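Okay, so chain A shows up in both of these, paired with chain B first and chain C after.
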Partner chain A sequence: MSRDWSGELVSCIRGADRVAANAILTDWAETRTYEEAVTHLLTPALEHFGKLWADKGGETSLAQGYVAAKVAEDLIGRVLAAREAEGRTVETKLGPVVVGNVEEDYHPLGRKMLVAFLRSAGWEVHDLGVDVPPEVFLDKVQEVDARVVGASAMMFSTAKNVVGIRQEIERRGLTGRVQLAVGGAVFKLRPELVQEFGGDGTAPSALHAPALFEELWQRSLSLDSVTK
Partner chain B sequence: MNPKPATQVCVACSIFRNEIERLQAEAKLDLPVRFLGSMLHMVPEKLEKRLQEVVEEERAKGHEIVLAYGDCCPNMTGIGSAEGVDRTQGFNCPEILLGGETYRKMRREGVFFLLPEWTLMWRKVFQGTLGLQGGTAQDFMKEMHTRLVYLDTELEPVPEKELAEISEYCGLPVERMKVSLEPLLASLMKAATRVPHE
Partner chain C sequence: MKSLERVFATVGGQPKDRPAFVLNLSLYGSKLAGIPLQTYYTDSKAYVEGQIAVREVFGPDLLLSPFLVPAIGEAFGSEVTAYKHQVPNIRRFSAASALDAMKIPLPDVDSHPRLMYLRETIRILSARYQGEVPVVGVLVSPVDIPPLVIGVEAWLDALLSEPDTARALMDRWTPFCVDLANAMLGDGATLIAATANFANPTIVPPRVIQGIARPVLEAAFSSMKGPIILHHGGALLSPHLETYLGLPNVAAYFVDARDSLAEARRGLGEAPVLIGNLHAPSLESETPESVRSQCEAILVDRAGDSRFLFGTSGADVSLATSPEVIQTIVDTICLAGIGAS
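Right after this comes the complex of A and B.
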């Protein structure tokens, strides 16, 4: 009987066991490449865990989410190291995008998971950290020519500061071209706030963010072409 | 000081139990208080449901309500700004105890705050609810924070044994910081005098 690699990886994530998860990646890559592991092992495992996370959020722990992100980060690190060892160019396929915690928000976990899952999906991510004022978000957007901003906020009190990012997008004449993705516990529990605070979209978990960013990137391209 | 009426009641997180009871004992706060368990914080939807129930119960008795809570559930702002209700200002309990400026400065420095009640049940919080075990706990805490700070309200002996355990478990240094009850009292009084009267 063939080994259920993906199932084992999900079990390690659910056990919040990063060491065991990495051991599975090592075993898997003995006869394959780490790049193949992204598609054939990590992606199905994260999709499985992401479904549990979205459907049974209360039954998934902070530690499980953290370990899922770290496993993705660890694998991407191995992929990049392997490419460099082979003298291949290390390049990302998608983006660039800019992410950060909104002003006065100091809860980095969700954002760090977002960064890990975006990078594992091939996005070039510029991570601005916690407590990021709107003008800093938009300065970076214009500097790297990003089309999507990801703003993370955990609580209602700080999520209100998404409004400032929306206003800054408008003030700089970037409406439509720059799409605003919002995420964090409060948006999951109160999805009506996405629109109320000026967001263009959200995802049920950080694991689902790559699909959201792709959707918003395409929307930016189509709106940009209309205005040109 | 008595903010007002016997028709007011405070609904507070048990994280503040000792501190609020001291303020009552010193006659600085003249409000009856209902405490709800602080572990509700770990499941915000449950906290919100319980708070709404309690607020409705107290309203049915004709009481105005002062909430001693941070922004701990998705609709805390809505609950705390309803007619006849107001809330202590602050994102969370450390900010209510420290005041906004000190809290923000320390948070920017990467501080993780330990309050007396949760320090005593740290295993339940870290290992049970958050699921942080072994090396993952250290990886997580070191990635997110730079140090632990125990907020000592000087009502109980500093739980040195537990602080040492948490420090070892998280792989972070722990500091002790004496905290006055004045910011908490001021926040409660402000909320009590702000409650919109029907």
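Right after this comes the complex of A and C.
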């Protein structure tokens, strides 16, 4: 009977056991590559866990989500190290996108989880860190030619600063071309704030962000083609 | 009835003239008193001036020491950012890991300026309102101190992957937390409110709760010389009450705005006080009409609950909230008292 690698990885994530999860990745790589693990091990495990997260939100914990992100980050780190050891350039398939915590927000955990899941899904991510003013978001967007901005905020008081990013997008004439994804605890608690503060979309968790970014990227392309 | 009598009647499940209530107007007092936040959160007399205004304008049955947990992080060396319109927040942590945090000298609860600021507000408020209004000393439990000193990520790393280090840190910091709580009680606080997020199943797995968090809470709370309000801290409580039941000295549970009050009461049984659950930060988007209907729904739901205390859940009522909305909450609660009598 073959080993249920993905099932074991999901079990480790549900147990919030990063050490055991990494041991599984090491075992896997004895006969295969870390790159294959992204497709054949991590992706199905995260899809499985993501479904649990969406279906049983109240039964999943911050620690489980954190470990899922760390496992993704750990694996991507191994992939990059293996590529560099082989002299291969690091390639990303999707993006670029820009993410950061909104101005005055100093809660990085959710954003770091977002970055880990986006990178594991193949996105080129420019992470600006915490307390990012609107003009810094948009300067980076224009520098790297990104179509999606991910703005993270934990509390109501700081989430209001998403409005400033929306205004900066409009001020620079990038409405439609640049899509604004918002996320954080306050948007889960009060989903109506996504629209109220000028967001174009949100996701139920950081794990679901890659699908949201893909949707927004496609929306940007379609809106951009209409205006040209 | 005086507020103190109303609160004690609630604790004892006795009749009272109206439901007792607590509003998180810690921040809002600065607006009422016209004091800049930079002064308000550093000068204890300025804070007290704001809370006197809160009491005179809205008449809550409990007054709060500063809802300012970053000050505890500051006492351990973290740096905060001050804002014009919101509570200060931590921008730089004092240490990178639980292991590094072990080396931080414990702040002296009797001399550290930030802790003395918190304590002095209690001392002045309790002296002014002695025998009239209970004063709540706002704290975090030991399991919630590390996020203020090393950040959530590093604390999760320790709890999940280095449990011995996490336990050692708790062994070192629990006596500090107990000393601060007892100092606040000695200053005149009637109750201590403490969060315990890192003992909540929505945050950490059962092995952390059973192996680290619950034993820490038992040790800390059993040494505190006064009643404790277990505050939800932003996490759901009602589905997870079994995690907290039986903790020493916990007299009241302050639940999240998303919690079901009925479910919480079923989980708690009759004895503890149940507090909640209007979401304070959302009040700035409400109208007097909308908030009245929310208050009425809560009061109807808890009509027969003699140990229910109406409260705003979550963070502070924001400065952008209209005074009319807050006054409507107060009026609705007082009207419920008239209806009940």
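We take it that the second predicted complex is superposed on the first by the 228 of 228 C-alpha atoms of A that agree within 3 Å, B and C clash if a C-alpha of one lies under 4 Å from a C-alpha of the other, contacts with A are read in each partner's own complex, and residues count from 1 in each chain.
Simple rule for what comes next: a residue touches a chain if its C-beta (ideal position, glycine included) is under 8 Å from a C-beta of that chain, and two chains touch if they have at least 3 such contacts.
Fair warning: this is a prediction, and the values are worked out from it, not measured in the lab.
The superposed arrangement places chain B and chain C in clashing positions on chain A. When the two structures are aligned on the shared chain, A:Ala81 is found in touch with neither chain B nor chain C. Within the superposed three-chain model, A:Lys112 lies in touch with chain B and with chain C [touch as defined at top]. In the superposition on chain A, A:Phe156 contacts both chain B and chain C. Of the two partner chains placed by the overlay, chain B and chain C both lie in contact with A:Gln64.
In the superposed model, A:Arg190 lies in contact with both chain B and chain C.
Once the two complexes are laid over each other on the shared chain, residue contacts for A:Ala16 go to chain B and to chain C alike. Among 9-17, 243-251 or 333-341, the region of chain C with C-alpha atoms clashing against chain B is 333-341.
Across the two superposed structures, the residue set of chain A contacted by chain B and also by chain C is 16-19, 58, 61-64, 66-67, 104, 106, 108-109, 112, 130-131, 155-158, 185-186, 189-190. Contact residues on chain B toward chain A in their complex (touch as defined above): 43-45, 71-72, 74-77, 91, 104, 107-108, 129-133, 135-137, 139-140, 143-144.
Per the touch definition, chain A reaches chain C in the complex via residues 15-19, 58, 61-64, 66-67, 104, 106-109, 112, 130-131, 155-158, 185-186, 189-190.
For chain A in complex with chain B, the residues that touch the partner chain are 16-19, 58, 61-64, 66-67, 70, 104, 106, 108-109, 112, 130-131, 155-158, 185-186, 189-190. Within the complex formed with chain A, the residues of chain C that make contact are 81, 83, 85-87, 89-91, 151-153, 156, 159-161, 201-205, 207-208, 234, 236, 239, 257-258, 279, 281-282, 315, 318.
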